[in-house]
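Here chain A shows up in two complexes: once beside chain B, once beside chain C.
Moving on, here comes the complex of A and B:
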């Protein structure tokens, strides 16, 4: 177990390093944007004095590395600065929006992950049967449509034609859990359709890859049922690739929901980022990017650790 | 296959054989076509009887063995015939009904236990699966009987070894554990599919003994599949010879050994006849092609893989390096070639010291030492034609191009007895195992080397094919006056081709000398153990050897001592496979 702990610490340190690099990249990218932020905020009619005063106030006259270090220092102490557009504290803005995004992501994941793995196992079990092909065709179709297309089709069918679900997913602050689940059903299903195929196909492929292994033949020759051969003998050895693809898709759920949030007018992080880009609210964009990057790194780290924890050859070294 | 379900059990009549296979015909899929690979085999087996199935690879031994369980591998199908087990035709049953037989009444022991145990589960969990799923025992009972059986198969620490994962147990121990697993449901028939082929001779003799004792004690019938005649002679009551899916002949073991009827069987029996005359060592003042002086090497600090290795390979002579897996014999090759620079000592090529590291050596020095590997499948690029494989070293080392290059490649192909017009543009996958190894030899010769290292080049080949390779190698060696180091674990090969023999154990040379001296008594203790572990054709060999060893107090060990390198040892994993 000691080497597992050491490995987790190593990966964490690497993650922090990656985040640091990401922060440099984000800051650099924002620096490269053309135009003057103070000018943008104040509009074309502003006088030179007011622009100069705002530049002074925002610290825009300092050299880039000083501003970067100031920003990094703030971030490390939990202070992302203030929004340029409305002057609100970014931390509190992020916190409320992040809750929305996490809720939707968790909702979609709770449906998609079990569904994908079950379908993947079934497809592997009935490999090359009609069922397998059907699942493959359906999942391929689902993955081939862009998510905004799926979203609008769902909206059209289930909201406009038959008013079963609301078209606006924002559930306000007073909603019960049932209400929340009901209101966010359409965006959640859109996300499920998009990510299930990927995970399901990986699960199937990872298991089918193992079916030629001698230990699978051995399991069959022990007279075990096909279901047991797959679940007990193939699945545990296929976990590492499955865990990795699940982690990637979970990260996508958090970071890639921008379009779905916009379509369903859902006040998550993605929507916040899109709005901030539109208003040139650079400090908020920076903060959003950093949060997305952290989520990505954290989920990948978790996937690595779980992959090792589920492999006895790595977990129990030596005799 | 018909899927009508018949009543599962019929009253077993005492006079019906346990297994009665008639006209078994099996097809295999290649591309879109189904090709018959087993052509109407019959086989009878009485209760408690052991029949040996022998033949070369591709003879259909394993396919027939699996068919005895009503099982066909992916890409194979049983098209005709009956497999009656205890009066019930397994092929007429549904797949679910057949599962009730598999593992419970007919069990299987695979060639590679290391690959056949699931790496994700502990041994005990895999052992109890059969008895539990077939509803024979509770978990507690099954664990209890597992420990008893582990002890009976002489596994070390039988009470706790089951709680290890497969990677934590050595190869010989795994092979015994898988035999235990096959016996977990007390089956009436066990199919042993080359159960000792992957093991060292010293481990093999121990596993053979335990398998035979347990099978005899429990009165289990067995089909014993192997390509090794000497092994089957120890194990089987009766031998059946197969060739390309067809029956050749069948007779009780002693009769078969004493008086084989068919030409093919006779050729199998005669296979170990090839032997070169050992050449005398040259006088001391002649500089040998390769001189290795006091080499030590290690893969990680503090753990020596080679210590104080010294030997010479004179021009035109063959030095055989023998030892078990983990003895460091392949590491010697890596040290000489510079892949693993030695920590101390030096290698001299024609009296000139070689730089220890591969990248410090000149192109000419590289050219003069060439290697041939055990597995041409992995050593040679499957995407390249033979022209490319053999032509590349000629171009690289000797700078020939165009017509000169083409002529040279053709000459080499003729030398390895492959017709250039037929084979020049074939790719590796279109060749047989023996042909691939011939190409491996041609590739090495293409550089016009002075010193050739052959690392287990015949281990993966059938005996007849291997003999062809050895004859070829012997011919080119005497034609070109090459110095050769021949790394092998097979003492029959050593007998055939060596002039000088070097016996290694745990990274050290325990004995070396001219072949006649090393292979005739008195031996070093370890050489004696190696030599006496090589099975002989005599059916009484195993009994006799065990009796002799018990007399001298050597006894059967648990196999842990014989296997120096732990399978999970990263250093061992870095080494090229020895087996």
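Moving on, here comes the complex of A and C:
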């Protein structure tokens, strides 16, 4: 057990280190910005005094490491600074958008995870059957499709041809849960299709690998029922890779959500980020990037820790 | 060669056929397209008909011609990006494998950090910083994808570096460049070829995604991603025209994936 705890603590420390380095990279990328941010905001016609005053106000005269520490301190206490484009508090912008994105991602995950694992296990069990091949071709195609293609096909079929679902996913602030689920159905199902394909293929690969191992064959040769072989012998060992696969793909949602939000005009964080890139609102992009990257890293970290914690081999190894 | 092709599964043959057709369309775009790339030939959003086979777009340009020119532009840019990503990734991957020690440590940790940020977000950040133009987009995506190539090149080169013939070449006093290009590169090509297909798909999808968001290839250049964006409004009226460029992207990535899937299957020695 001590061994296990130490491994988990090591991973956590590594995760914190990664977060720190990534924050440095995100901050550093902005340092690469050619020219002067103050000049950029005020435009070419600004006088030298106003530019100098703004530089002072934004703290641009401090050396880079001081500004980094100020920025990081602000972020940790929930203050992301102000938007360059309209001067609004970034933290309030993020707070209003973040809930939308989280809702959409959770919705998609709640459908995709059980679906993908069931399909993946079935494809592995009936390896090389017609069902398996069909699933293989379908999932390979789904992976190759750009997200917006899937989104527009669904939009065309379910919204334009048969007006079953609305094409714009914004549900306003006073919607009931049922209304919210109904209005965000199309974007959610787009994400489901994209990540289910990934998740299913990886689950299938993990289980096929496992079923080829000698101890499974041994269990079969002993005459155990297929259900017992799967549930008692294969599944405990498959748990770690499956958890890993799920967490990795939830992390993939982080990028998928950006495109899907734009297609369905959904007021989430991804939409905010794309709009800010277009207007070159660098502080907002910085903040969005940091939030997305942190979620991504935390999910990967969770995957690591869970797969260590559920690995039966590590559990029984003393010292 | 011919015998090899006859053992290919139908999906792989389909993949090869599609790739060949795309290549022909891209190369002979000038001859195939009925109208010019940016030529305004009719009214906006004309329906499918005899004059304009697939109708016209939001500015009255012929849709079919733009799809044909789009093949050249989009695929050409994606190919160039993949080539840059591969040259950089393979070069540094071999360097890390041959020199080892601190060079390897620095490069590998650098790549670890870059891979900790999701690719699309990282490219969005960099595009904000450097501004949106085709050149910056190509360089940004190439830099991000090269980290993935680096991983594979380093790992495969590591296995080759420890072999006796490399040791012999070192003792002969061959230089770094000779070791990389003559001793190691020929031995790591097979896994890299399959990887090239996969990376091409990723690059292609990344470029399309950025163009779709309006941050990649800029108008008036015909490009499938931005064509979807410009004409997306038609979808809500039940017109499938905007799905065509999106479908062209999807078809090509499916084809490449099918082909790569078969190649990986063959090289892993599994037979079904």
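Throughout what follows, the second predicted complex is superposed on the first by the 271 of 319 C-alpha atoms of A that agree within 3 Å, B and C clash if a C-alpha of one lies under 4 Å from a C-alpha of the other, contacts with A are read in each partner's own complex, and residues count from 1 in each chain.
In the analysis below, a contact is a pair of C-beta atoms (placed from the backbone, for glycine too) under 8 Å apart; a residue touches a chain by one contact, two chains touch by 3 or more.
In this text the structure is predicted, and so the values were computed from the model without any measurement.
Asks: Could you tell me if A:57 is touching chain B, chain C, both of them or neither one (first, second, both, neither)?
Replies: neither
Asks: By the touch definition at the top of the document, which applies to A:48: first (chain B), second (chain C), both, or neither?
Replies: neither
Asks: Classify the contacts of A:218 with the two partner chains as first (chain B alone), second (chain C alone), both, or neither.
Replies: A:218 contacts chain B only, not chain C.
Asks: Could you look at A:233 and tell me whether it touches chain B, chain C, both or neither (first, second, both, neither)?
Replies: Only chain B is touched by A:233; chain C is not.
Asks: On the superposed three-chain arrangement, identify whether chain B or chain C touches more chain A residues.
Replies: The partner with more contacted residues on chain A is C.
Asks: Name, in rising order, each residue of chain B that touches chain A in their complex.
Replies: Where chain B meets chain A, its residues are 66, 69, 71, 73-74, 96, 99-104, 107-108, 110, 112, 115-121, 129-130, 133-134, 164-165, 167-168, 181, 566, 568.
Asks: Quick one: which bits of chain A touch chain B in the complex? Just the residue numbers, please.
Replies: Residues in contact with chain B: 211-215, 217-225, 228, 232-233, 236-237, 310-313, 316-319.
Asks: Once bound in the complex, which stretches of chain C touch chain A?
Replies: Listed in rising order, the residues are 11, 112-114, 116-122, 124-132, 201, 205, 208-209, 212-215, 225, 228, 232, 235-238, 240, 242-243, 246-247, 249-250, 253-254, 256-258, 261, 272.
Asks: Show which residues of chain A lie in contact with chain C when the two form their complex.
Replies: Listed in rising order, the residues are 18, 21-22, 25-26, 29-30, 32-34, 128, 137, 140-141, 143-149, 152-153, 155-156, 159-161, 167, 251, 254-255, 258-259, 262-263, 273-274, 276-278, 280-282, 285-286, 288-289, 292-293, 296-297, 300.
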